[in-house]
Amino acid sequence: MPLKTYEQYLESLKNLRPNIHKFDQLIEDVTTHPATKRTVEGHGWTFKAAFDDKYKKTLTTESHLTGKTISRYLSIIQSAEDMYANSDMKRLMFHLTGTCTGGRCAGWSALNAMFITTFEMDRDLGTDYHPRFLKWLEDAQERDITISGALTDAKGDRTKAPSQQEDEDFFLHVVEKRDDGIVVRGAKVMICGIAAANEVFVIPGTAFKEGDEKYAVAFVIPKDVEGLTIVETRHPSDKRDEESGFDNPVTEGGITQAYLFFEDVFVPKERLFMCGETKYTGSNVGYFVMPYRAAIGGCVAGQGDIKIGSAILTARTNGLPSKVFKDKLVQMNINNETTFAVGIASAARGKKHECGAWLCDPLLSNVNKVHVATLPYETSVLAQDIAGGIAETGCMPSYQDFHSEKYGHLIQKYMKAKHSAEARARAARLVEWCTLGGGVPGCMHGGGSPDGAKLFIKAYSELEKKVEISRRLAGISEEIPEPGK
Amino acid sequence: MPLKTYEQYLESLKNLRPNIHKFDQLIEDVTTHPATKRTVEGHGWTFKAAFDDKYKKTLTTESHLTGKTISRYLSIIQSAEDMYANSDMKRLMFHLTGTCTGGRCAGWSALNAMFITTFEMDRDLGTDYHPRFLKWLEDAQERDITISGALTDAKGDRTKAPSQQEDEDFFLHVVEKRDDGIVVRGAKVMICGIAAANEVFVIPGTAFKEGDEKYAVAFVIPKDVEGLTIVETRHPSDKRDEESGFDNPVTEGGITQAYLFFEDVFVPKERLFMCGETKYTGSNVGYFVMPYRAAIGGCVAGQGDIKIGSAILTARTNGLPSKVFKDKLVQMNINNETTFAVGIASAARGKKHECGAWLCDPLLSNVNKVHVATLPYETSVLAQDIAGGIAETGCMPSYQDFHSEKYGHLIQKYMKAKHSAEARARAARLVEWCTLGGGVPGCMHGGGSPDGAKLFIKAYSELEKKVEISRRLAGISEEIPEPGK
Amino acid sequence: MPLKTYEQYLESLKNLRPNIHKFDQLIEDVTTHPATKRTVEGHGWTFKAAFDDKYKKTLTTESHLTGKTISRYLSIIQSAEDMYANSDMKRLMFHLTGTCTGGRCAGWSALNAMFITTFEMDRDLGTDYHPRFLKWLEDAQERDITISGALTDAKGDRTKAPSQQEDEDFFLHVVEKRDDGIVVRGAKVMICGIAAANEVFVIPGTAFKEGDEKYAVAFVIPKDVEGLTIVETRHPSDKRDEESGFDNPVTEGGITQAYLFFEDVFVPKERLFMCGETKYTGSNVGYFVMPYRAAIGGCVAGQGDIKIGSAILTARTNGLPSKVFKDKLVQMNINNETTFAVGIASAARGKKHECGAWLCDPLLSNVNKVHVATLPYETSVLAQDIAGGIAETGCMPSYQDFHSEKYGHLIQKYMKAKHSAEARARAARLVEWCTLGGGVPGCMHGGGSPDGAKLFIKAYSELEKKVEISRRLAGISEEIPEPGK
Amino acid sequence: MPLKTYEQYLESLKNLRPNIHKFDQLIEDVTTHPATKRTVEGHGWTFKAAFDDKYKKTLTTESHLTGKTISRYLSIIQSAEDMYANSDMKRLMFHLTGTCTGGRCAGWSALNAMFITTFEMDRDLGTDYHPRFLKWLEDAQERDITISGALTDAKGDRTKAPSQQEDEDFFLHVVEKRDDGIVVRGAKVMICGIAAANEVFVIPGTAFKEGDEKYAVAFVIPKDVEGLTIVETRHPSDKRDEESGFDNPVTEGGITQAYLFFEDVFVPKERLFMCGETKYTGSNVGYFVMPYRAAIGGCVAGQGDIKIGSAILTARTNGLPSKVFKDKLVQMNINNETTFAVGIASAARGKKHECGAWLCDPLLSNVNKVHVATLPYETSVLAQDIAGGIAETGCMPSYQDFHSEKYGHLIQKYMKAKHSAEARARAARLVEWCTLGGGVPGCMHGGGSPDGAKLFIKAYSELEKKVEISRRLAGISEEIPEPGK
């Protein structure tokens, strides 16, 4: 059974060459450095849970390549049920870690997209990408690695095409083609969970047009490949990661997002899965976002569950029962279940691709993206509403003050309510953490913007069909075409 | 193949004893009377479509009792896929008729609920309801009848239990038990599509407690049974049903809802499926509302499609292209697909009952009910926004004025825009009809109120589990129970 | 005191030449014909209330021309307090009539706009419009007449300018200039309250450009002027106006909107207030919409109060106390007070024009227009939610059925709840009437569309100022101009 | 002219005994310590602006006691116009500082409330609080001091009255009465701007009942009074306050909120304005919240302006013009102007108290509180939507990394877009700062919770009047009283 233990996972990260930085310092060991250890612990739960009877059915599945039990994060999605399990797993991971474990899930979406795209390229162009990809995939399953997915380029001026930019590096591109591989330069930015990843799956972040061949490139590299410099970004209240105590209440979960700078990085041929095929970049983005935007409903619902739970906890420590907030709690549940359900429906209404992969419904997955970009914010507001002033902006003295020898006893005396001061503080800190602190994921723009999703919705909503249905009902015999067309 | 043709269906209605009234008059023939013919035509589409290659896969299915091809409206729902087809069929029927064909769908939900409940009663109590029910069902499938579902009692003072009411008739009940059947008295109110129905399936509308045995009664009767007096209710702009011309633009679709008065109606034993088993009334309501509240997302989406189409049509007749309204159209589509998708997800996450029926997920179906009670109203507002002042309240002269010999030419001259005055008028009338006219269905309270759904949501939302997940994340070791418990 | 009594008002309408039609029939007497008498009764309340100690302070004011007590509907708005009284009066009129009395209020806005515009034209161009206007106004005050305001042209293809239309009549225009006046042709459509008006104030509905002089025309005419043909439009459930009984529950209130066809109508010089001055048409629309969009918040709040009251009444007849719906009621009140308050604020933040008129704040009045186009719909949904299924679509048998000799006793027996069947029916019919029946005003597009208001908001929102404030705060020294400018 | 300069203000703070702590350290000088200097600088703008011709009319007014020009923050509000200036000043202060300057505004509301309450107590009880208060006020105006307002007690179990709490200190109370004053014990928590204040105005935070006399106490004390220990709370990303560079982009603005522990603090008689008069505590809370909840609309609008400006700035640095986001910008403006306008309307519809103070309309000010607790969150979401992924969670490398010698050039190269990397970073950091960073004010629970406001709304919304209006319109002759009453 090719499943790593938690300890083996930590070891695998320690074995990588240090190339991640934050605050102008090199992080020698991501498993212990305060800037990264929380996210590593969070990803560690994907390994612990795979061995836990309660969770393993959600975390693992059977490889369609080898028949072995593998991590679901390395599997090819082949049915609606696989997608339901995807939503369930993401919701569970938020339950276990409080936040996003993006160092496995975007990579999973990327490899699923490339499973289809390599198949299509080989089918149409006679290339040999698909078997090459399968070989890598089988090996990846065997090694049970964690894989970040890297799409977003630096992009420069948003109104210009790649070739019009003042610096060609604004989009990652091939600078040299060799017999044994290629050399690439550029950057991938805002890449989630890189600190917890063993490898990085790089795919084009947008649809490139003819003439932009050098940008149409997809590959996987070890995170510690030569020429790759990684800088972690900040997140809200990130300095608390360096503190001890409960002001950052979650220890086994955390988000990191990084900027990846590729300075002439070599990619060997056997890890190269697209090189110049611009025609396939648009559909490949689609193959990426469909399962991603379907299943992210599970993420948002999972964190929404914690917003509910932590808001109730805070209220209870104040002495207030849930019934006082029942309408708000119902609305929070509606929000959670809506993003969850629209994702499930996108899977249920999907269809099989000839390569064996399951394609989610594109209209519904993009509708879900818009919900994911709005509903969790309303849920956060409701959590703060229920939990009161101390949770709204985390309006409490620090952990250090809480234990001050001079006046800590005053804080503890006066923060006590129905329950102890510490229980109140921890509960309220958790609300703060997941509504405006370190636990807030980038669910609005992560995996693409809501405005981008709206373009998909417009494209897939069959307006002309609806016009014709209505024209018949209204008894209009005239043709009523779109003006100007 | 036990499928009636459209003509056979009309004939079957003509053959019934007239017992429906409106405006203090007896309706002799529901297929021709202006108050009922539009809804009959709408239901007629369920027969036409069953013979249409384009639609028949959606409208028919295989009987699990006989293996014959039957109307889907008479089938037992046995899988998630059956439920998807349910949603699709309902959306299609709104496309074909513009509105609700409730004279088949509530009956379908009722018979599916009683399929399960008769099984459970027999299993637990040793009764013989289930085979009796199956016998009736097989016959109903063979006759391809339309069946209204009747749940809502008169109810009297809403804060009192049935037995506390000043008049015991406020809830339909048994007044006499005979060897060959029972006699019932009371009323069922706001019953949809009765004019288009052959039979009426009566089930308890609420959970009755011990002591209320006489109210726990379920049965099917022919619509023209002796002792049953039916009065149609009004709906918005219902007097236009009597007019000719396009002020009521839809001719093959329409809603009716009726009050049914049972004055000592005899129900023969072979059509009696519950009699006194109060314990099963609560779960039976649940079995009714779960598929109903899941699939109503298809209804609302179907009418939403028409709101989109008719709003675009009106704008086009004014000369305006869709891109002017693109954000509004995207929002309308999001609303439509949300109710549709949450219903689909409720089916996808359902499970099999031991009797073979498919149970939708109760949390998701009730979440959908709340969406159905809110989102279509927003969609209506957007349709009126796009379509402009003439659609907002149907602010145009009447059809008679349109064709006035004195000044009709002025109306036609000045209502002309990018397209003819008639096309503009018809398009705007369709917007009016489905946003505040005769096509507005009772989607908020039909099949139960949103407040009722919120009670289900609260019950199924597992708050304590969410509290525990959050307590672990926050590192709180104290127990934090609900205050006052 | 130049105030007409209610009886004198009716008499003044009876004395006009009949020229209003509906359903291809001439309405001989608007005070008694079912299509118009409800709106006449509603407007009649403006006269009754002027003599009622409780209301007269709201309905009357002092003429700044003569010092006499006049109807507020004929006064020039000269202070913020005058505008507050405007909002209060509109809210009161909805309380008294249930709906819009637009046959006085749009005319009032029109005459206030022309008070300013005639002043500005005389000031800039040396014309004598202002004294001419004042002379008419003093006479109008003396006669205490009701005046409809007519802005909206037929407009033809919305993407074309007036001069590009295939028919020049699509915008009302001068066809002949004489020494003693002008002759006009065209149409004004969707004109509110014409049936209850003595005169009609016609002003340009849009900003005309140079070259479109013939369309830049403003004047007042008696409603029964030669050459003017009027056709009343339909409104939801308008056929109920012809019925007796409580299915249309409101007898002293109702909306009418009409199409006015001008076939070479002569306007004498002393009633002509603009003729060719295109440059002033844009600002004049602004002067019209500012007080209109401010005070319409009072209208919408007034009807919202009735939605609250009728929803509570219906619930109480069902036996349910308000506390069950307290959150919904609070939200309804918030919606009402928001439209009311933003209108008040628009007045409070206004300023004095040099001619003495009070100018409301244009940003706030247009913000209010958007609220008026959205919030009352949410309030309607909440009213239907509270009032239940019988109110949602008025799902009850007709008044005729209610009193049927054959089965009326059954309806009355079963519709009884905590209160009598009739009280329940009347309460629910009132909810129906003001949420999707005859009482629904055209508040979304009346007085201009929300999209038009958004253009104003964009124009008045000083984005560059906000950018500069933010640039300073962010410490950005670079200039950051709008791209492409 | 009793107006301090900015320098005199700083000096006045330096002269106070240090008694504020954070992170278990005593803050020796609030004007230089990183935890407090930003908020001091922000409050410093209230002094600078008072001397700036552009702003001084907004920041200063005439004392009604002495006729001298004083800070508006020390004035008694005597007219609607004074309240408009209040809203304007608050909006301006957010423009100048980016966030809340609560160390003057809550104190201002407190002293205005006590102006009325001392008057009422003297009038009813024959006490001499009012002249005592006026004497202090005149002196405070002369010294031009900054005054925090302190209402919120520790409160303990929220379901218990003060006298039922396990610790009587949970509400601040009198422990000793002396001839020359009183001694108090307890805590006031979440007190805004204490670091920037010279004095603290303490008033009861809730309505106390008979028997709770010891809690009914109001007074002003110097911030550095003996026995007062102050601990600053955390706020989002507060550790960035200690950093240099632009990751916390705003240097002259910042929020602090503190816990104040009173360990037997002596209050001299001349600073004591209530002592035991429980009957006046409820109305005094009302007098506090009415102007506070009206004017907070200006605060929220002011920060909303910055959300608009910083979102546009970020988009522009990406190359995107505002028109791409025009609907979102319009909605943001609507949100801003709504909270601003409802506050203005609350003032406009206010009335004069017999003591000379202006009372805002309680219904409208509480409606505004609910808007303030919801609309700014939607505005924040829209700002993040427009500004993109880097702003959503501030997803950029730190300032230190930006200037790293090793790889800073890569960050600067790849963050460049239409404008420089630094301009992009600063703009996006400002969005982050005011949507989920250090600039987020506690606008939901600050000054009381939205649920509390809803109770006021319910109380002031005159439901019975609305029921009666509707009963008349519906023609219902039966009385329809509230069930159960």
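Letters are used for the chains, namely A, B, C and D, taken in the order the chains are written, and counting of residues starts over at 1 for each.
As a working rule, a contact is a pair of C-beta atoms (placed from the backbone, for glycine too) under 8 Å apart; a residue touches a chain by one contact, two chains touch by 3 or more.
Model, not experiment: these values are computed from the prediction.
The interface formed by A-B recurs in C-D: of the pairs listed in C-D, B-C or A-C, only this one shares over half of its residue-numbered contact pairs with it. Looking at B-D alongside A-D, one finds more C-beta pairs in contact between the chains of A-D.
One finds 52 Å separating the Cα centroids of chain B and chain D.
Note: centroid distance chain C to chain D, computed from Cα atoms, is 40 Å. Chain A and chain D have Cα centroids separated by 38 Å.
Listed for chain B are residues 159, 319-320, 327, 418, 483, each touching two or more other chains. Interface residues of chain D facing chain B in the complex, by the touch rule stated above, are 159, 327, 483. Only residues 80, 84, 95, 98, 246, 249-251, 253, 305-306, 308-310, 312-313, 316-317, 319-322, 326-327, 329-330, 333-334, 337-338, 340-349, 363-364, 367-368, 370-371, 418-420, 422-423, 426-427, 429-430, 454, 457-458, 461, 463, 466-471, 473-476, 478, 480-485 of chain C touch chain D when the two sit together in their complex. On chain A, the positions that touch chain D within their shared complex are 21-24, 152, 154-160, 167, 169-170, 187, 189-190, 229, 231-240, 247, 257, 259, 261, 263, 318-320, 373-374, 377-378, 380-381, 384-385, 388-390, 392-398, 400-401, 403-404, 406-407, 410-411, 413-418, 432, 436-437, 440-442, 444-446, 449-451.
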